[in-house]
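My questions all concern the structure below.
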Amino acid sequence: MEKESVDLKTLRARVKKQIEDAVPDVRIDYCLTCGLCASGCPATGLEDMDPRKFLRLLVLGQDEKILNTNWIYSCTMCQRCKYACPMGIDVGRIVYEIRGMRPKEKRPKNLQRSCDLQKKSNSTGIPNEDFVWVVNDVLEEVRQNEPQWKDLQAPIDKKGAKYYLNQNAKEPTVEPEEMVPLWKILHVAGIDWTYSSKWWDGANYCLFTGDPEDWEYTVRKQAEVVDELGCRYYINTE
Amino acid sequence: MFYATLEGLRRFKIPHKFEFVSIITLYAQWIREGRLKVDPSWNKDGLKFTCQDPCKLVRQGLGDQVAEDLRFVIKAVAGPENFVDTWPRLSNNYCCGGGGGALQAGFVENRRKYGKLKFDQLAATGADVVITPCHNCHSQVLDICEFYGGKWKTTHLWNWLEKALVLEDKAK
Amino acid sequence: MPSINEKITEEIRKLASSLLDSGTVAAFLGFTKGTLPGRMQPFVARKPEDAQKLHWNSFCVVNLANYLPALLKSFEPPRRPNDPPPEGPLPKVGVLATGCWSRNMVVQIQENQIDRDRVVIVGISSRGMVDRKKLLEKVGGREITSIDEDDHSLTVTGQGFEEKINRWDVVRDNCQTCVHPDPVIYDELIGELGGERKIPDRFRQVDEIEALSIDERWSWFQNEISSCIRCYACRNACPLCYCPTCFVDDSRPQWVGKSIDKVDTALFHILRAYHCAGRCTDCGSCESVCPMGIRMRLFTKKLQKDVLELYDFEPGLDLETPLPLSTYRMDDPQDFILTHIKKGEEK
Amino acid sequence: METGKNSDWEPKIIAFLCNWCSYAGADLAGVSRYQYPPSIRIVRVPCSGRISANLILDALRSGADGVLVSGCHPGDCHYISGNLYARRRFALLERFLEFIGIEPGRVNFTWISASEGEQFAKVAQEVTERVKRLGPARKLVKEIESCPA
Amino acid sequence: MSTPKGSVLVVGGGIAGVQAALDLADSGFYVHLVEKSSAIGGSMSQLDKTFPTNDCSACILSPKLVEAGRHLNINLLTLSEVLDVSGEPGNFTVRVKQNPRYVDPNKCIACGTCAQKCPKKVPNEFDLGLGKRKAIYLRYPQAVPLKYAIDPKACIYLNKPGRCGFCQKVCPTGAINFDEKPKELSLEVGTIILALGFKPFDPTSLDFTGYGKLNNVVTSMEFERLLSPSGPCMGHLERPSDKKEPKKIAWLQCIGSRDINRACHGYCSSVCCMYAIKQAVIAKEHAQSGDLASSIFYMDMRTHGKGFEAYYERAKEQGIEFHRARVHTVLPAENDNLTLRYTDTKGNVHEEEFELVVLSVGLETDPGVMKLCHELGIQLDQDNFISTTPFAPVATNRQGIYVCGAVCEPKDIPQSVMEASAAACKAQELLSKARWTETKKKEFPPERNVYAEPPRVGVFVCSCGINIASVVDVKEVTEYAKTLPGVVFAQNNLFTCSQDTINQMAEIIKRERLNRVVVASCTPRTHEPLFQETLREAGINKFLFEMANIRDQDSWVHQNWPEKATEKAKDLVRMAVAKVLGDEPLPYNQLPVTKKALVIGAGVAGMVSALSLADQGFPVCLVERKDRLGGHARKFFRTWQGQPMQEYLEELTKRIEDHPLVEIELGATVEEVSGSVGQFKTRLSNGKDVEHGVAIVAVGAESYKPRTGKWNYLYGKNPNVFTLLELDQRFIKADKALSGLNQAVFIHCVGSRVPERPYCSRVCCTHAIDQALKLKELNPDMDIFMLYRDIRTYGKREHLYQEAREKGIIFIRYDLEHLPVASEEDGNIVIEVEDQIIGERIRLHPDILVLASGVRPRDDVGELSKLFKCAMTQEGFLLEAHMKLRPVDFATDGVYLAGLCHYPKPVEETIAQAQAAASRAAMILSKDAVPAESITAQVNPMKCTGCGVCTRVCAYHAVAIDQNSGKAAVDTGLCKGCGACVAGCRSDAITLRNLGNEQLMAEVEAAMEG
């Protein structure tokens, strides 16, 4: 009946230590166990876990449990807990670090795959030339079918455009016509804008796998492209 | 995701010359400036709108201001009386449950359980249309709407903005 | 075989005699037979031989506690008010005490009226004293010439009649409803203790009146006191009434008029009863001595009931518990306070 | 305001109010202009603990149609515990008067604090109404009972 | 320092400022009391009830305010602010700006006509905007001074001259002056006391609370106003959205406190737990329907003050629900209700709907106060409270400027009052040479002996402008008064209280040879002292006076019944005349003062009190039962802020020993006490007799040692189990072994907060955490576990708790149902405790186990309390005269208390209380004689039976049975004139002077004659 006690002859909270080293202001120890996070978190109760319990396990050095729980993929790292936490503890950031501690092979496959694809070009993995083709094809169709939009533009790699626009990969792959309303809006507003033919994807799944180097790589690539084009503004559509 | 780039630039101190902005901010700015003229009169039937505040854009990104901008645009597009706000809202809004890679990670049951709060919240507004300015949110809100039997239509903002555009040139 | 009372009488005499003889007490307060049958008089034995006059039976209705302060005082040397108390021990007095008298003595000690060290209390468990009025009723009001009693019956003789009457039938109401017949403090004990009695409806008479309507109660009250002649026998017999100037006699302020005006009579009875609140032990002296048969015990009994109900207190059970009107609890009941007046509260 | 059959009859009610709470509460009723019937005659005493059964009965004997006694709320007494002793005296008196047939509502007790101006006005109103419903006092009034009308 | 000034500036008219002003003005200093609003009273005047006694706040506060308002030696400067301060301690020059009131306070009679006519309504800041007031207004009904003021921002006339001006037209006394300009004053003072108070935290920025967006989310301060009978809904609990009585209310704790994320307040506000419980209890009492459900959501329940824990327990019994959970977001529900979603300790989520949510907001410093401190060069701490140190708890960084109340740390009322007196004490120490140099004294002519004269009553009937005259026929009343027996003179006045009428009255008294006076006007509560003074000026004893309250209790409340109001006015005059006929001249009792103090107990409290009094020039006899000075503090290592205790103690001891005015009696106790305030006579166990005017009881307490029972935890059995003080000993000795420990466990609340000791010892949480930090200092790798029930690091101590967590000290909560279990394995300690959050038992292997056991009262305190006729609490601590406003006085005058014998407290509070006791004692010692009550009880020995009822019902032990006569005798020095004895006496043997039965009967009978 009686569960075995957790023996803390010496407390070795290695995971906690590791996170603290990586993120000096993470404030795990500050936790008052007030439960505010758990009260506000939609993921409370999933995988028999909640943000407070998660922190508590870290503090008490229950590293096995921390490293093995899939709750880290139910937590969306949305930081709503941190938003109101009296101590400002960033559970989202902690979850991010722990996701990164998982060996790649033990991570959710699709998530890791999205990031891996993103590192090549975009999260769906369609070739850049397909993107360019789809954009031009859809544009052409609009110009032909809707006479009032015969001047509609969808520039790609237009150097010196004032605005750079990224594009979530979902539309060019699944529902290309969904790109049009935004083009029209930009057109009406008289905006000088451009897509890029590479690193054009607005999504970035490398934020979620927990490997900062992947995330950094993808962002760096995007930034390089925009600066190369010489745009003053980088518009994110979401 | 807005935050991925915003925070990525910040955290990794990536040098860049451009300014990183959200389309929502620009919509609002252009409407205020008169660059975009919108007319809500198309919405004769009084379709009710509400919206999701994407965590990555609002709480983690630009804060309450961009969320207020979002509402400003929706009200301009659909008529101020046709906007029903959620609670909680702005920076304190719930995550839809699709973020953080949850849509890709599997764990569908957990993701939907997570989304129940969001579903109840949106359903409580009685809105016909839920504007989701983020693709993750869009997919998740679409999914939970269907899974829990919601009645609303989940869409991006641009469709409605396009609908309400006043095309002066076109008239000429 | 001698009856219980005869045995008690014998023991009283023996004890009183020895106390007086040894000089332990200067006087012994008990009862002696009066001139009429069924009339007992308080009696002070001052010499060992006086002890033989002491007697004990079912007619000892007067509360001896009433005589105790004055008797004690009589042994103190005269002195002016602010003189220091006399040096050395003062003479002691022996006194008989049933349950209610002993409880009165406890109250007297609490109220500084007697000095515990100066009294030798001889406790007797009370078997109940007889109500002369009940007895007279039993014999149809005929004149009684002699009464013989054994343990459970009385044999009443008069001109041309002799009746044997069950003793308990004619015992006083207060004794019939008494739950503490045993003395609570004593130095010597005569006879055996009877133990606490369980009386399920000890406040029955009060309950009956409470069940009446307001107007009926007023009529009852008016009727009850209508025959009062303001003789104050009730007050005089009461061991609790020891004020040098009773409120009825005071003229500054004059609380109560001196006439037998109805209102004044009513106020007299209300205030007399109220002054006994939380102190009265229901010894019944007042009622026993009333020449007009007024049942003023009901007034004090009502207060006794309320004190018990509200403050869980019965007077005289111990020396420590303060009397209810000179103490309080933060959470005393206060249903009678108009706190938040609610609509429709009145019928 | 005045309703019922005795509408033209204004009772006289003696109110013994403690100086620190209830009298101040009555003042506050005035400051706040809460209106109540002109039936109350206030006697200011230091503490509700000053009020004895004798004084209450004297008020009735003198012809008061009603009596109101008010002190600080329990725990608030300026003199620490005066109202707590008073509470016991009043509890027993109230029950006793009812026992002998004095109408409930002739003698009233309440606690009113210095900030309860409105409460005072309400109590004054309510007590007046109670007494009006009972009609003029007769039972313990010296003059009326002794001089048969 | 050159000769110091004999006056003091007190800034802030809240309870702390008022207390400091009264203490000083009563002990020989002239006080300027500066208040920025139009009336004194501060935050306390806004409260409904106060914990833990549930006293009505206004009821207990008002008398102090009135006293301050009338005090000859307090110069009340309302609507004023300090501009700057120059000079040095003893000789400061202060520039004060006094803003215009636009109402002449000498003319305003507070009739309120102006406000009735004023057309401009604005939100009433006193009700936190929940209600409305006019542009001309009284801050609150019991405001002191009771004078209207015009709000220049709201006033129509002031903003557009020529418009409106109705108030000026209707004011019956011509008090309105629109031309008033701001004034600048320059005050010369010796010291300055800052009592600047606090501001409730504004939760608008905390969006998740819903405050400002959801109608039925209110702050606790707003809730006070909702509860208050003088608040916007007149004490009927109504929620804002629909004015309905809420049936279910939730309190959310720590809003704006213990929050370094959104509120940027890392400290605990100290009072919120208690006020929330109080509000829940009071709301339940208020609820008409009687079925109000209340829930409190908290992190740690902090009921660390005297009587608080019992209050908490009682609240639980009354059905108030306590949830150890914080709510993330207040959500709207149907019908303007609110849904709270919370997670219990086990991780289960609950949702509950409430009809009202109260945010228990914390205390913070007002930005205006920060600015002033900046101007004055007063240092603020990281939380923007004024910095103080434990050994000088009321001193600021600037010499000669002292501080008290919530402006230096969030604190409750008694603590503020204590500090106020402490600040007054420090001011007195600095200025003791200048005592009585700047005070004013009123002189009166000798009094006429009126004993033999037949009564000659004069009646003055006031019209009070139209306040009375518009309803009551004052002429008729005046004529009627002339017909009353004993009345020889009657006159009607427009304003009886105006200066010219007052002067005239004095003349009339002399001319008509009046020997009794009745004024029929307003309430004696405000005006009796004024008229009584007039009698004295006219050479008549002031007690030959009565008032008939024909305004507040007649014309104002019967506006629609002018005839009946006139009849009533006649009755009231007749009653007053009947009463005054019985009045006799009473002595102005004085008790001569032996100018010496007896201080019992030479711990920190006793030594600080003694030293302070000696420094003020009063001889002190300091009695200590042990053979050395120092007391409990000898065992302490350091204060929670890190100052070494032993160094302080050494210095204090030396100063005491060297002080010429302190005589020390070691190894002595008090055996016998007689006398009363001013003239005590005490016999010590060493046979010495001490004559003294006052006594300070500072006998300390003991620490609880769990030698047996369930709190034993191997104490006394295993050598590595200590109490806190035992560990302190090792710190004091700099025990090196401590650095080598691997693991330490502290168990909190050992033997505290249980039915046997139902109180929180207040100091142990902070002490234990400080020790844990000390151990971490010695060895940063040491694992330290704190097993606790609620962490009670109130106020700034919360930072220590945070620091402890930051340093990796682990806090595990336990409750009484799941106590930690200790055992020994091969002589090593093993502790098992359940972590409630992960739901698993934790096994710990400490090298040392420290038991944070509490403070318990000394067993012999009862004896001492009897000697001085002082009361004790059930737990055995000494009981002050009033838990809220008289925290260092005993009910017995001239006896004060300080330190642990009052209640467990840290050294800074002990020092403040000791200084406060010294201040209170100096109020007596600074005078040659102290005034005593004139209206006292009097025994008629002819009627007395000596039954002792009077002695038992007297709360002041003023009546005793005389050993010789066996009759009651009154000590007029102790009697307060309440009359409880009179009502208790069956024999009419004891009476109250001028309030005897005959007199009250005459008054009652007079009422019926009409």
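Observations on the structure shown:
As written, the chain order gives the labels A, B, C, D and E, with residue 1 at the start of each chain.
Rule of thumb we're sticking to: a residue touches a chain if its C-beta (ideal position, glycine included) is under 8 Å from a C-beta of that chain, and two chains touch if they have at least 3 such contacts.
On a predicted model such as this, the values are computed, not experimentally measured, just so you know.
Put simply, the chain closest to the centre of the protein, by Cα centroids, is E.
Chain centres here are C-alpha means, and the one lying farthest from chain B is C. Two chain pairs, B-E and A-E, are compared here, and A-E has more C-beta pairs in contact (counted per touch definition above). If you average the CA atoms of chain B and of chain D, the two centres end up 68 Å from each other. Taking each chain's centre as the average of its CA atoms, chain A and chain B sit 17 Å apart. Distance between chain centres (mean CA atoms), chain B to chain C: 91 Å.
Separation between the centroids of chain C and chain E, computed from CA atoms only, is 51 Å. Contact with two or more other chains is made by residues 54, 58, 75, 81, 85, 89 of chain D. Along chain E, residues 208, 329, 953, 984, 997, 1001 each make contact with two or more other chains. Looking at chain B, one finds that residues 91-92 touch two or more other chains. Those chain pairs judged to touch are A-B, A-E, B-E, C-D, C-E, D-E. On the side of chain A, the complex with chain E involves touching residues 3, 5-11, 29-41, 44-45, 48, 50, 52-53, 56-57, 59-60, 62, 80-88.
Across the interface of their complex, chain D is touched by residues 48, 53-60, 62-63, 110, 112, 141-142, 228-230, 234-235, 523-525, 549, 551-554, 556-561, 564-565, 567-568, 571-572, 575, 881, 891, 935, 953, 955-956, 976-980, 982-984, 992, 995, 997, 1000-1001, 1003-1005, 1007-1008 of chain E.
Those residues of chain D that touch chain C in the shared complex are 53-54, 57-58, 61, 74-75, 81, 84-85, 87-105, 108-111, 122-123, 126-127, 130, 133, 139-142, 145-146. Residues of chain C touching chain D in their complex: 206, 209-210, 214-222, 247, 255, 257, 261-264, 266-267, 270-271, 273-274, 277-278, 299, 302-303, 306-307, 310-311, 324-326, 328-330, 332-334, 336-339, 341, 346.
Remark: chain B residues 1-5, 7-9, 11-12, 14-23, 26-27, 30, 35-36, 54-57, 59-60, 91-95, 97-102, 104-107, 110-111, 113-118, 133-136, 156, 158-159, 161-162, 165, 167, 170 touch chain A in the complex.
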